[in-house]
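Look for subunit A in each of the two complexes below; its partner is subunit B in the first and subunit C in the second.
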Partner chain A sequence: MANWKYQTTWAGILTSWILLGALLVFISLGTKKMENDPKGLQNLLEFLWDYIRDLARTQIGEKVYRDWMPFIGTLFLFVFVSNWGGALIPWGLIKLPSGELGAPTADINTTIALALLVSLSYFYAGLSNKGWRYFEYYVHPTPIMLPFKILEDFTKPLSLSFRLFGNILADELVVGVLVFLVPLILPIPVMFLGLFTSAIQALIFATLAAYYIGEAVEEHH
Partner chain B sequence: MDSITSAASVVAAGLAVGLGAIGPGLGQGNAAQGAVEGIARQPEAEGKIRGTLLLSFAFMESLTIYGLVVALVLLFANPFS
Partner chain C sequence: MLAFNFFGATEGGLFDINATLPLMAIQVVALTYILNSLFFKPVGNVVEKREKFVSNNIIEAKNKLSEVKKLEADLLTQLQIARTEAQKIVSEAENESDKLYKEALELANNEANASKEKARLEIESQTSAARDQLSKQADDLSELIVNRLILEK
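Presenting the complex of A and B:
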């Protein structure tokens, strides 16, 4: 562990702020003139809203899903926009003095921050909904489960962050290697595959976050 | 980095991805088999089956990706160098 230094990653912060700004503009444009018969952008946003609501409702349950829908939706949209923004916007054209711009989620700091947010929120969801009875979950079927359940609290953010980080980085690396070997045409299908997997990873991140929150608020009988 | 550490790191990086790909490969094969059987039995449920299949594929794939992360750490951010 000799030369692991703390490094600030301005490139990741910069791209995530740019993408967040784009997302904000996109959503405020879509909700500016709301009509009864949605069309165009408003239609798309309503479709997204429905999608996120269904996701939250199936994972968290009818009773409390409304409290957590904004969080799940934010996670989904942020991860989705980061993944696609990193792949679709030609960041390579912008030269930086140090580091390079790319998908914010290809940076381990971003994904660990998101995963820790998920951890905090499922603890908060459990404690605020059930009080101290939340800790019954740790000894739920039998007290033998206690060490495993405690270990799970550490592996959840670990797997959540590494899954997202690894997938996005792997996409970028595969495209990079292919562009290095065959610069023409051949990388294009792989790029589409990358877009597809990044969309699925955003969905998985949001689904798992919702599932963990749902697990914490679930009533045992 | 001395040569024995770098050699061991490269071998370990290869093994991490290679061995990590075995389990998820078998798992994805099983899942695809189940999905094909399901579609053959009930062609009208194809859309639902495909969605679930892709979601579970991504879960299995992430196991190999963990191996890839370990391999990348060994190659580019080796803690023992």
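Presenting the complex of A and C:
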């Protein structure tokens, strides 16, 4: 622990590189030949794009959602790919000299990094859209709200990071324990449940991030 | 150092916070830019271009439809006008032919009457002439009888 600064869990980063590499290959294959009549992969990517746009538009609002759509979409894709990558690919079969491969989102560092980025984003969104008037938000209905709103700035990243981390880690642990105890059939429903949780968590993370940004840029009248 | 070692975790614990955090953050920011230029912008361009194309087409079609409806209404009024006009022409022609027929009938009647009258007059004059002649002959004859009777006595 002496040089904590230089310590990294390389396994998690390596997994994320593999998964993100696959994601980028997938996306660049799908966007290679864009046509007005979408075919195959382009169709899927357009559906994804539309899904993310709807998410960003409903949470952030018509006016500024365009600026934040790439960030929200990246959060969604990153969390989704990490969660599903961790749940679907049998990383345990690959032995590493130190640590083990697994969902990057099962590492608290990753989720805290994402949550802090969300915090920075909503501060930036509020300040760049409304200037100093952003801080009216803290005393919005009444100044009594001030301590709660300040507290919220700490609870938001905390809840974001721990929710994601907890869900993914718990799923991995439950599957791991079940596989250890009953290696046949029984873990399969739990694995499906894990896939479901993984997708839901990605959606929740992106939706909440968009909601926080939307809250920051919202005009009070 | 202790600040980063909360929850009393030891090395390799679940809550170890280390340099993975900033690395992941940088990675996600970079990924945002990469995905923006690789995914969000190009797909957005295509989708929004198509949405604009579709909405333009819908507006154009609506305009065309309203134009067609206007033309249809125009045509209907024109048809109505033409129909009434045709009816007028037909009735006019009917009236005229009726008039002509009546005129011709009247003319023919008149002519017939005139010739009848003329014939009657001629008959009358001939009758009177004949009667005159007859009475004259009767006179002559009576004179002749009278003379003869006188001579015999």
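The working rule: the second predicted complex is superposed on the first by the 214 of 221 C-alpha atoms of A that agree within 3 Å, B and C clash if a C-alpha of one lies under 4 Å from a C-alpha of the other, contacts with A are read in each partner's own complex, and residues count from 1 in each chain.
In this section, contacts are C-beta pairs under 8 Å (C-beta built on N, C-alpha and C of every residue); 3 or more make two chains touch, one makes a residue touch a chain.
Quick caveat, the model's predicted, so the values are computed rather than measured.
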Contacts of A:L169 with subunit B and subunit C, given as first, second, both or neither: both
Partner touching more residues of subunit A, whether subunit B or subunit C: C
First (subunit B), second (subunit C), both or neither touched by A:S159: first
Touching partner for A:T197 - first (subunit B), second (subunit C), both, neither: first
Subunit B versus subunit C as contact partner of A:L41, first or second or both or neither: neither
Contacts of A:L114 with subunit B and subunit C, given as first, second, both or neither: second
First (subunit B), second (subunit C), both or neither touched by A:T207: first
Intersection of the subunit A residues that touch subunit B with those that touch subunit C: 1-2, 4, 169
In the complex with subunit C, residue positions of subunit A that touch it: 1-2, 4-9, 12-13, 16, 20, 24, 27-28, 31, 34-36, 38, 42, 45-46, 49-50, 52-53, 69-71, 73-75, 77-78, 104, 107-110, 112-114, 116-117, 169
Subunit A-facing residues of subunit B, complex: 54-55, 58-59, 61-62, 65-66, 68-69, 72, 77, 79, 81
Residues of subunit C touching subunit A in the complex: 1, 4-5, 11, 14-25, 27-29, 31-32, 34-36, 38-40, 42-44, 46-47, 49-50, 53
Touch list for subunit A against partner subunit B, complex: 1-4, 159, 162-163, 165-167, 169-170, 197, 200-201, 203-204, 207
